[in-house]
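One chain, chain A, links the two complexes that follow: it is found with chain B in the first and with chain C in the second.
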Partner chain A sequence: MASVNANPQAGPVRFWDRLNIGTKRVIWAWTFLALPILFYAGIRFYPTFQAFWLSLTNWDLLRPAQFIGLANYQKMFADPIFWKVFQNTFLYLIIGTPLSLVISFVIAFYLDRVRFMHGFIRALYFLPFLTTAAAMGWVWRWFYQPVPIGVINGILSSVGIPQQPFLRSVDQALFSILVPAIWAGLGFQIIIFMAGLRAIPGTFYEAARIDGLGEGAILRKITIPLLKPTTVFLVVFSSIGFLRIFDQVYNMTTNDPGGPLNSTKPLVLMIYQTAFSSYQMGYAAAQTVVLFTILLFVSLLQLYVLREKK
Partner chain B sequence: MTATTSTTELAANRRDIRPGRIIAWTLLLIGGFIMITPLLYMFSTSLKTSAQVYDLKLIPVAPTLDNYFKVLNDGRFMQWFFNSTFIALTVTASNVFFDSLVGYTLAKFQFRGRYFIFLAILSTLMIPTEMLVIPWYLMSSQLGWLNSYWGIMFPGMMTAFGTFLMKQFFEGVPNDFLEAARVDGLNEFTIWWKIAMPMVVPAISALAIFTFLGNWTAFFWPLIVTTSKELYTLPVGISSFSAEASIQWELIMTGAAIGTIPTLLVFLVLQRYIVRGVMLAGLKG
Partner chain C sequence: MLTKTKLAGLAAGVSFLAMGSAQAVEIEYWQYVFDSRIQAMDQLIEKFEEANPDITVKHTTFPYADYQTRVVAAKVAGQGPDVVQLFYGWTDQFVNGGLIQPLDPAVFPHDEIESEFFPIVSAMKRGEDYYGLPTAVRSLALFYNKALFEEAGIQPPTNLDELVAAAEATTKRDGGGNITTAGITLDMAGQDHHWWREALVRQNGGAPYDEEGNVAYDDEAGAAALKFYTDLQTEKNVGLVGFMDEGQAAFRAGLAAMTIDGTFRLGAFANNPFEWGVVELPADANGMRSNYSSYFANAIGATATGEELEAAQKFLAYISSPEAMEIWLDVVGELPARRNVALTEANLADPVLGPFLKGLEYAHTTQFYDEAAQRQTAIDMVNRVLLEGQSIDDSLAQAAQAEQAIIDQARQ
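Take a look at the complex of A and B:
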């Protein structure tokens, strides 16, 4: 028995030997899972329940948490800032997701056919995905500065268009932040779309051509329907990303986070401020529960859409 | 048309009209350069003096590395750089080890409760980090983990995404190999580490790339858990440095460039693997 000295129970060697192979393997399996189970229980599940519990308390870091029922939720739903933030979060989602998907699909569709310098062009689109949002937030912030500093206003004024306030304007700031957020995600979406396009068997296209379908019809009847799983994945992935937007907003509006006048503040920034600037932990926990509910809804929607097809 | 080209792209190319393809190619190239314009401006400005920042030329008149010396001599950037590298590497190693081990166990062992464990781990994908940070913060302050490497790292030591990815790949490993190793008297841990792991190297590299990048750029949790500047990660450091530098844009751009250069260098060297890894993780994950 060469395996004796390699067993996990060092002491009771005879006991280990008497076990049959199946039992030994079960013991191995639970040995492998022991630490991970502790991890998931202690660092994922327990905190989740704790967050629900804290959302029903008035915990403020100083005094022990007291149960206050649904008071945090009542306060939140009566708070006009919460609704403003809610609206902002959905604006990021509703504009960001379709726009980034359409752009990345068009680029992927054409880039997929390019042979000459394919790798180089792909790299240009992919590079922004590798950047740090916190750092690039500052670069974009600089872009948006007024003349003589900002690059964009510099270009605008050189062609005779009036200066734009961008981050200083209640109407433009949210869109100004959305641009770098879309920019940073495009590379990933393009790569995934290209992988999806390549997974479509070439015979489908050949058959369609024999049937005399034009390019437009092929796109509508073959490419887009067969790309559905990829598209659904990207819709959900980028929706979740936009719903959780934080890094860009925080870094592009540091002197008045979420400003001007809360016009750019997303839910996660509100959570951050409630918890770590005002230390209203219970109230912040209630806001995280709202975020959780929205994200859960999006994920379930994905499962539903994909289930239906199969 | 008679030449049978099995790949989609070639078949498509054949039908395209030449001028259309050239226009598409040119537009794609221009679009690509627009994509990296922010990066080009960042590097160009980091090579300018404060007086030159206002001329918006992309190529600096008299490029200088002074800003880099100024920023790096400060010492804090070196510390943050080290923190980020250490943290991202450690978390990546932990994920490669544990996510693979759990994925392998769930894919290749038969035992009661297996499906339950799998569903439980998978369900944590639905829990957003933002919901957990308040309890994590509480936990860290009670256990003295605030302002420590461990405090920054502990939430990400294992991920459901990685476990799921690795499980998918281990399912493709033929049982015959594992059985043969068992007959040879290898123990289960050795079988996993020496036999199964080398067979899923592409998945491991995809997981490693994603985990490293995710932790290198992570901002939200490190911002919360660190208050002392020595423990900042690079993104948090860049953010606080930039807020301090206020209008010294050439220094801000230098800081941002220092945070961007490492990932760009790694990408240039490993481009093919990274793109493939992203595709793998995206399609299977």
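Take a look at the complex of A and C:
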């Protein structure tokens, strides 16, 4: 066998050998790139376009899809539950994203200065991020129970405050779900913020102190502006996360998903129910198109607003 | 050389398999994952294969949450089961979707079905055809915690007034007035929506649906039924929706004196750390009782033809036979669907099975179109009253409208 490889290949000069090294590299690069491109086209782009088409049909899995124009969209925009869900989705975004960013920045900012048990404290903050959303949802669901088993209500009633309904209230339920959702994402955001803080050269701070700038001014003029790339990344990342919230809501309200009275239902949960509980695939696809549009719009808007001014 | 030997062996194996399949028919049976149901079905298949050596049955199961989707997806792929289990409430979807075929009256005579099974089997009939037969049926009853009843010195209730009195006597509250032990569980997401629809509405002189299956509870009877239910929390303060998360969890933990649940809960309650008893659902003031019964039926898949169809019919006949029902009762604990198998003296005298069996005699079976969505309308109806302070009449009207819309949509 070895002797075969030792012999140089005979015969006419092949097409491949006539190419120069630069062209060969390009061909190789595209050969390797073709795989992810094909994968993306087949697994991501094709279904996306298929969903656009499905949203114009009345497909219900069982009968062949029929084209019904914009009827699904008309039905959706006339449905008060859709608007309620739409509002909930934005509440998760508008409250969740800024709150989680502010908290994680403050923690990262001060944790950065802590030397005592630094690694341990950081690990504690990161721990919830490693936990399965389903497990965490269930633990918090039991925290929120009324007495005699709910921990939070147990504490409230022991100090004489009336017990709160939490998940059983149309006003409190959404916030009750947001708390663990924010808490779960904190660890990740803190780590990213700390990496961003460490990347700011120490000489800037030294120069500022020599010039006599106060701590507040340093924070405003140096730290926050120089953290912008980190902030942009986290804003986009966390916004998409809150717009797509599902696990926490579903696990904390499985008896009445998105309830009570749709007060916690996000768009993704509505899509899930329309598709896999009522089998209205066309209608679900229309809702998906709306979610896709929102995600695209919000991401582009944020990139534009937070863009680098040159 | 080695490859050749392997190939030869493979070829021999393939031809052997082919010979095997030429002699025996293999049919596929599908049901959802539930331990005792799988055990019972395995026993039935074993006995069936003994009696019919030329037929083998392949038993396939899916988690309940995926089950319907898998059946539908299999049909789209043209790979459906030969015999399939379905909830009676899915019949419309399965028939309209062409997933199951009507039972041949020559093999399953209608007069025999109608005389031997409980009348609720009619929920499997569409037009002139039956689309499936149940092995077992379920009904509701009132479970009560004997220890808590003894402590309060009371007897299990027989009517609704006694139910309220018993709940009041067994409820325990802390210093702040919060319930620490509920008199009765309130859980519309559980079985309470059936109790409300088929028992409370009827006991107040109404009917949940009219002859055509349209919503008919938006009247005084429905309002009285809803008021009775929500009063348990608002006026009487003997229960709390969401107490211990779920009604069955509260009862299992010994923190609820009464709960309404079905035969399927017997297994879960079997190892409760306290003694419990079962009585029939409470009657109204005139002694009128009602109950809700449901079942999973077995049907023949639309794709079964020729000798597979024949084998599927034999198998369906066997798993609907008295012998199969007795095995099912022993292993799963669900009530036999044939009257003469169910209503034996031994069963009726059984302190646990007896109340459920008596319930079957006067039970109704709701004609569901989209069970999950219709249940949601009942959950929301109660929540609007309890959480948003909406009036009983308005909430009832809104629920009736929402449920009718679901029914209309499904009939399109």
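Just so we're on the same page, the second predicted complex is superposed on the first by the 268 of 310 C-alpha atoms of A that agree within 3 Å, B and C clash if a C-alpha of one lies under 4 Å from a C-alpha of the other, contacts with A are read in each partner's own complex, and residues count from 1 in each chain.
Going forward, contacts are C-beta pairs under 8 Å (C-beta built on N, C-alpha and C of every residue); 3 or more make two chains touch, one makes a residue touch a chain.
Nothing here was measured: the structure is a model prediction, and the numbers come from that model.
A.B. asks: When the two structures are laid over each other on chain A, which of chain B and chain C touches more residues of chain A?
C.D. replies: Comparing chain B with chain C, the partner touching more chain A residues is B.
A.B. asks: With both complexes superposed on chain A, which partner does A:Pro260 reach: first (chain B), second (chain C), both or neither?
C.D. replies: Second partner only.
A.B. asks: Answer with first, second, both or neither: which of chain B and chain C does A:Leu38 touch in the superposed model?
C.D. replies: neither
A.B. asks: Is A:Phe276 in contact with chain B, with chain C, with both, or with neither (first, second, both, neither)?
C.D. replies: both
A.B. asks: Where does A:Leu70 make contact in the superposed view: on chain B (first), on chain C (second), on both, or on neither?
C.D. replies: A:Leu70 sits against neither chain B nor chain C.
A.B. asks: State whether A:Pro148 touches chain B only (first), chain C only (second), both chains, or neither.
C.D. replies: The answer is both, since A:Pro148 touches chain B and chain C.
A.B. asks: Would you check which partner chain A:Asn251 touches, where first means chain B only, second means chain C only, and both and neither mean what they say?
C.D. replies: first
A.B. asks: Go through the superposed model and pick first if A:Arg168 touches only chain B, second if only chain C, both, or neither.
C.D. replies: second
A.B. asks: Quick one: is A:Tyr125 in contact with chain B, with chain C, with both, or with neither? Answer first, second, both or neither.
C.D. replies: First partner only, chain B.
A.B. asks: I'd like to know which partner A:Ile224 touches here: chain B for first, chain C for second, both or neither.
C.D. replies: neither
A.B. asks: After overlaying the two complexes on chain A, where does the chain B footprint on chain A coincide with the chain C footprint?
C.D. replies: 142, 148-149, 255, 276
A.B. asks: Under the touch definition given earlier, write down the residues of chain A that touch chain C in their complex.
C.D. replies: It is residues 61-63, 141-142, 145-149, 153, 157, 160, 162-163, 165, 167-170, 255-256, 259-261, 276-279 of chain A that touch chain C.
A.B. asks: Once bound in the complex, which stretches of chain A touch chain B?
C.D. replies: So the residues of chain A in touch with chain B come to 2-3, 6-7, 22, 25-26, 28-30, 32-33, 35-37, 39-40, 43-48, 50-51, 54, 107, 110-117, 119, 121-128, 130-140, 142-143, 148-149, 151, 154, 180, 183, 186-188, 191-192, 194-200, 202, 205-206, 209, 215, 230, 233, 244, 246-247, 250-251, 254-255, 268, 271-272, 275-276, 281, 284-285, 288-289, 291-292, 295-296, 299.
A.B. asks: Show which residues of chain B lie in contact with chain A when the two form their complex.
C.D. replies: Touch residues, chain B against chain A: 5-9, 11-13, 15-16, 21, 24-25, 27-29, 31-33, 35-36, 38-39, 41-42, 45, 53-54, 56, 98, 101-102, 104-105, 109-111, 114, 117, 120-121, 124-128, 130-139, 154-155, 157-158, 163, 185-190, 192, 213, 216-217, 219-220, 223-224, 234-236, 238-239, 242-243, 249, 252-253, 255-256, 259-260, 263-264, 267, 271, 275, 278-279, 282-283.
A.B. asks: In the complex of these two chains, what residues of chain C are touching chain A?
C.D. replies: Its residues touching chain A are 69, 72-73, 75-76, 93, 96-99, 174, 176, 178-180, 187, 189, 240-246, 255, 370, 372-373, 376, 379-380, 383-384, 387-388.
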